[in-house]
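Structure record follows, encoded as structure tokens.
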Amino acid sequence: MRYLPHTEEDIQQMLQVVGATDLEALFSSIPDDCRRKDEMNLPEPLTEWELNGHMDCMAASMGAPPFYKVFMGAGSYHHYIPEITRQLLLRSEFFTAYTPYQPEISQGTLQTIYEYQTLVCRLLGMDVANASMYDGASGLAEALLMTIRATRRKKVAVSRAVHPMYRKVVETYFAPTGFEVVELPVGADGRTDLSGLSDLGELAGVALQSPNFFGCIEDLETAGKVIHADKKTLFVTAFSEPLAYGLLKSPGACGADIACGEGQSFGIPQSFGGPGLGMFAANQKYVRTMPGRLIGKTTDRDGKTGFVLTLATREQHIRREKATSNICSNQGLCATAATMYMASLGGTGIRELSRLNRDRAEYLKASLAKAGHTSPFSAPTFNEFVVRFPDGFADTWQALLEKKIVAGLHLAPYYPELSDCWLMCVTETISKTAIDALVKEVAK
Amino acid sequence: FNEPLLWEKGSPGRKGLSLPRRDVEEAPLDDALAGDGPDFPDLSELDVVRHFTKLSQWNFGVDSGMYPLGSCTMKYNPKTNERQASIPGFAGAHPLLPESLSQGALELMHDLQGYLGEITGLPAVTLQPAAGSQGELTGMLIFAAYHKNKGQQRTKVLIPDTAHGTNPASAALCGFKAVGVKSGPEGILLPESVAELMDEDTAGIMITNPNTLGLFEDNIRQVADIVHQKGGLVYGDGANMNAAMGIVNFGDIGVDVMHLNLHKTMSTPHGGGGPGAGPVCVTPELDPFLPVPRVVKDGKVYRLVEDYPLSVGKVHAFYGNFSILLRAYSYILSLGKDLKTASQYAVLNANYIKEKLKSHYHLPYDRPCMHECVFTDKHQQEHHVATLDIAKRLMDHGFHPPTIYFPLVVSGAIMIEPTESESKETLDQFIDAMGQIAREALECPECLHESPQFPKVRRLDETAAARNPCLKG
Amino acid sequence: MRYLPHTEEDIQQMLQVVGATDLEALFSSIPDDCRRKDEMNLPEPLTEWELNGHMDCMAASMGAPPFYKVFMGAGSYHHYIPEITRQLLLRSEFFTAYTPYQPEISQGTLQTIYEYQTLVCRLLGMDVANASMYDGASGLAEALLMTIRATRRKKVAVSRAVHPMYRKVVETYFAPTGFEVVELPVGADGRTDLSGLSDLGELAGVALQSPNFFGCIEDLETAGKVIHADKKTLFVTAFSEPLAYGLLKSPGACGADIACGEGQSFGIPQSFGGPGLGMFAANQKYVRTMPGRLIGKTTDRDGKTGFVLTLATREQHIRREKATSNICSNQGLCATAATMYMASLGGTGIRELSRLNRDRAEYLKASLAKAGHTSPFSAPTFNEFVVRFPDGFADTWQALLEKKIVAGLHLAPYYPELSDCWLMCVTETISKTAIDALVKEVAK
Amino acid sequence: FNEPLLWEKGSPGRKGLSLPRRDVEEAPLDDALAGDGPDFPDLSELDVVRHFTKLSQWNFGVDSGMYPLGSCTMKYNPKTNERQASIPGFAGAHPLLPESLSQGALELMHDLQGYLGEITGLPAVTLQPAAGSQGELTGMLIFAAYHKNKGQQRTKVLIPDTAHGTNPASAALCGFKAVGVKSGPEGILLPESVAELMDEDTAGIMITNPNTLGLFEDNIRQVADIVHQKGGLVYGDGANMNAAMGIVNFGDIGVDVMHLNLHKTMSTPHGGGGPGAGPVCVTPELDPFLPVPRVVKDGKVYRLVEDYPLSVGKVHAFYGNFSILLRAYSYILSLGKDLKTASQYAVLNANYIKEKLKSHYHLPYDRPCMHECVFTDKHQQEHHVATLDIAKRLMDHGFHPPTIYFPLVVSGAIMIEPTESESKETLDQFIDAMGQIAREALECPECLHESPQFPKVRRLDETAAARNPCLKG
């Protein structure tokens, strides 16, 4: 096998040094009743070429672009990924390195992640960002646990307009802790209704998502003021589409204490949902209660600038059970991809691209409305929105699959109250022509 | 040569990304919602390419040379896995596609579950955890859910002193109090120490086996029996599975829950710290508690099923790090039963290094090791040379240093894990370098204090970094 | 445009330094009657994404593996290319470097090509190899011109069993020189008939190909003796399938003075015929009359081993019109790919792979023979062979295209005397199953 | 660190390539034909990956930094071009596929011919030559065929002293005698010098325009007229086309035949020396002489046509370096009319460097340049610092040196071609480094003699290499 270098001769020489008669004898110190007696029941090894054929064949069954037009977002977005990102990520110095424990020979990873932290801060208008969390969902769960650590309160509130799967992950993380999660309702406009907030008692944190799951842009500025009526409560803003912040006021500018969300849109393939990138940023004063790895700038013996892992005293390998989180890695390669992507876009580019996403989605929204299919919500949206379809659309939806169109996400399983609604998404990868084609089909 | 930070480069208006043609009109947006957009630098494509090319050149990876970072299993990351992960059908797949359009991905996940179940001996598997530490958390959630279902709320978890720091952190995140268990004089757990601490308020024990000293926990069966007798569960930290594929069936020896680190044992790229994947394998009894959705085969069709009322819930927005799972699947299909050979070579390589270096470095536990061996700086300390100096000097020889000062139970630990990918020639070169450093410790300790000499930067001031953190530019 | 970095401000600043009012003014020193007045008539620039779509669409019209089973060799072979080759070649230090004029910062290219030269020598059993020529065809032309330089004779002989396109290139190169090329006939067994050689007068060189265009393995050892009956005549052996030398006696062992051919089989995609790799090796004594770049080993000021371009005095940038050739580059990246491929294969692997190629081809040959379709030639073959089909096979061949099978190459346009014959090829990429499928179709 | 030669590594029987499964019996082979197989080292996949990863790290490429190698046009090699070239339909296409299965490739070649014709102003195009030098040879074959068709056999070709060495070599390969033409005091050709030499035994002239001094040949029209009047043809060496896209129509100013170097002007990868591609563009009158097969559009179908009785024949086994042509096609489609902007920026960058550096270095021809400028070491010679020292020192600043000692007409030439890809910041850094080196030449000449200090090896003994050539291991 081409990954296993030893020849028979190598093995014999090494066994002699070790003092074992054969490979099995290497394990003779393991008690016999702990040794596996049967062979593993695994398939015959495939050659490189058989594997290629097998994987190509499996992948061919998937309904992915460019063969399918997928008008579905809901936390996973199809954006173009520049070829340079793909090729630079394949540089093995990036992708085969581990956690930069030895900074002298890890400055590539370290400077990149330092740049990542900086760009994330600039994107979100926040003071400090960590080197990333697993994904948007667990990032939100960790953010809410952080509000509990920071305030020593026991309850958090989460908007029902937050991605339903993120809320499930929050539930899972909170279940064994004894802390409480309450849900904030959605108003008629599709935004979170904060009118009942003051009745909920002492809250450690309140989490809104913007654009929220329905694509609606929350009025974060006003929300921040309402939430901060209780000065101790932390305002957590989540997101699943960071590209929105090319155009929208940043969470930091709206008073967020913690901003967290999913960074997949920034140069990371959708890959059936993972890996993603948990972007996570906070105000300076909370830095020592933040979970996750941090990279800091320092100098070497000769006074030369360099970068290191820092504030590790928050982390589990030092603090063990007292750590701010059990997370001990980051999404290194995904954060690297996002850094490359943000660098390629630039400030000018992100604005243009963000606008184009929104404008194309608005075009679809308007076109559907013209065809009689309107949104139940009035709030402005970014690149996705909810639309109500007449009875029988589920069949139309199914029929459109045959035409290689996935016409949005049915909301019934997630929001029974919106069982006749679909969540539609348009990014820069879907042209006006493709939008017109969808509208024509739907209008039939 | 230096490479400026991204925002020290560029010029406003420069373009690095090809923007799609605008084909629709601009839609108005309420001023109150609109921001100024982030202050990102504007760069050309070549600016970006050169920047990251240069940064990459300051990094050491598995392809750069031997990376014997103990407990991290820095084996070769096969290139074909990257090819598979980039197939458009997989890379471009939306996670919420209808089942009819995602059979390939579901089949892959289903079969991978089966393979991991077979490898560990624990047949019920979730692929959802995004990393080993999240796998541990999932395992602890299962502990809690299991006891809750029995109508109990246990408050403690036993954790040996040789455990990774994530074990207590994961237990704590789940509301358990971590209770330490001292390992015995041979570096392994003694049944009596466990018996002393195990009670009916204790949810179970977390054991890394082989442990972080690279030793097999010989008493695992007795320990498991003690824990099970008190109604507890046994968690196996599978971080060191690379020693044991085809060698040990963890289900058979009493382990109830076990996570795997696919970026260790299953060769997925380490990526400068992630993404990993931390599937959790459990006994059939614990199957109902696994996270949802579950991938099941229904006749000839693969489906995602949510309906498991005892499930701990979800730990990932979708199904985990699918493209990492895909790479592990590719690796398993490429090796098949040769996975056992991989484990054998990994153990052979570690023992070879142990035998060759024990005349130079103090070996606190001189017995056959598994996939890694732990030395200390005891001999070198006499010459004021510490583990850190030895580690840094290795860089000057073109090797990545081993894991140092871990496990904590050994003072000045030097934890070497070669993995099966390294050839005998490479091991001999490493042994030679370590031998030279041992001699240098006698003859020129200051040479070691001044190392490394060759990388881009020399020893960095980590204290200053933590005292006045500068976390962005 | 993302490749063009200047902003308006940059341009203004630079124009000021240069002293030009605008970009057009930069060209004011060009006489007006030499300035182009009209715009170039070129299409609108495509975005990266439009280009991807356009190219994917064009490529989809091609009949390439794995969608097509192509039983065609004839100088271009479908072999598996390891993914490592593809990824390592994308390392920009290799692919964006130029000719290693500055050895201190080009040791990667230089050591690689030195290794290439060495492995080529070992493959072909020759003393010296150059850093490569354009392709097998021009390599053969240059080899024959070299025999003329070396012997100061004016005539060369080339077997009719040499690849017909190589012979055309030889003709083209020889046409303006006044030197003569005569053709050697093919015997009934499919090998070159050398019986008339002594009647041809003083020959500078005689070129045979083995395996020849018909796949037949020439008896090079005997041929070498016959050719060297005239001690001055150089024996040139060509090849289009270097993999054969994993199994066959090397040209050097058979007395070749120059061995040259196409190296595409070694890790280089077929790419509709180019780029290929002109492998070129010779006996030590001819090194100074050899065309092409050479890399040699030397030491630096500190005595450290290093590699440099050497014997450049043969080349055109020093010797100008007296150069051994006008070639001033090599197929650097292709030679690098071939080095990686040969290194991956190893001595053990090339033998196994070579044998598998031959055995699969033999299996097809035997299966066709069983079905009544035999070869007109009796000589042993490597991974391709000629087979005679009954009237009407041209229609069958055409019909098989619909089934995504390309059933060999019709020889009629190249060898009118073999107008009912097809040249069939099988490599390791075509399994027994695919062979059986072809035989079944043909036997219908 | 050193990296051993391939054959100093490995172990017999080790495997680096995945061999397909054997599914047929072994066929016997006559012993007289069988050999022992080559003595290649046996390596693992990781051995191979590490070897070439390490070697690559000793190389400097365009992605590593500015590469101002004059006359080589080291512009950015776009990554998307590599993506296009690796599409399986193109990368896996057999050249002898039937037309029905190769329409995409033929269409691409057909359209590329059209674009190159438009860019040069010479509408009849062959893509077959595998490199610029083979393009020159093709051009000379066309010269010969043209005159032969007129019943003449001309024996000489005029070649200015500023020409690349390939020009006389290509002419010689075609049986022509190269006759030198001295350039005038301004660095450009004088019509009178050409008139003096041009006669009816001369097939024509080969002119590089802009020439190798980076200067536009102002008298090109007069020169062409003189040559044409004597029945000769004008060959334009298009190596420097990067200065002139959209600026000059070479057909209009009297050029009859012109080759392009796609790895220069059209951004295809330089690859450590190739593969390139050297299409040749000619006037309609010379169309019948182009190599065969020709790609033609026949209604809606693209075809390969052999039937051109006056054709010079074939210079490549198939149709030239298709995948390089494909990259050039991608580049042209990506820029369209912006190709003119590329030329403008290339010329702006060269003039900017020229203005900024002329106070430090001797500029033999102080007039507006095109895409490159030529300095000399005249000022530095006084301090015993030569062009070579300046070049080597640039490496220590992270730049590739310029082309040196070429063109031959300038003693100690330093030929700088920045290309349009370089940003103003990068140019300023380069200018700064050149300025520092000029100062160092005054203050510390020996520092320059001892350079480079930082690369893997220091100055190499090229004389010894040539005296006792060691060409293999």
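Labels A, B, C and D are assigned to the chains in the order they are written; within every chain, residues are numbered from 1.
Assume a residue touches a chain if its C-beta (ideal position, glycine included) is under 8 Å from a C-beta of that chain, and two chains touch if they have at least 3 such contacts.
The shown structure was predicted, so the numbers you read here are calculated from the model rather than taken from an experiment.
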{"item": "Pair joined by the larger number of C-beta contacts - C-D, A-D", "value": "C-D"}
{"item": "Distance between the centres, which are taken as Cα means, of chain B and chain A, whole angstrom", "value": "20"}
{"item": "Gap in Å, rounded to a whole number, between the CA centres of chain C and chain B", "value": "46"}
{"item": "Multi-chain contact residues (two or more partners), chain C", "value": "1, 3-6, 10, 48-49, 56, 66, 80, 82-84, 86-87, 90-92, 429"}
{"item": "Interface hub residues of chain D, defined as touching at least two other chains", "value": "11-20, 44-47, 49, 53, 57, 62-64, 76, 78-80, 82-83, 421, 423-424"}
{"item": "Topology of the chain contact graph, where touching chains are joined (line, ring, star, complete, other)", "value": "complete"}
{"item": "Interface residues, chain D side, partner chain B - complex", "value": "1, 9, 11, 14, 44-47, 49-50, 53-54, 57, 62-65, 76, 78-79, 397-398, 421, 423-425"}
{"item": "Chain C residues touching chain B - in the complex, by the definition given at the top", "value": "1-10, 47-50, 82-84, 86-87, 92"}
{"item": "For the chain C and chain A complex, residues of the former touching the latter", "value": "48-49, 53, 56, 66, 80, 82-83, 87, 90-91, 429"}
{"item": "Contacting residues of chain D [partner chain A, same complex]", "value": "11-21, 44-47, 49, 53, 79-80, 82-83"}
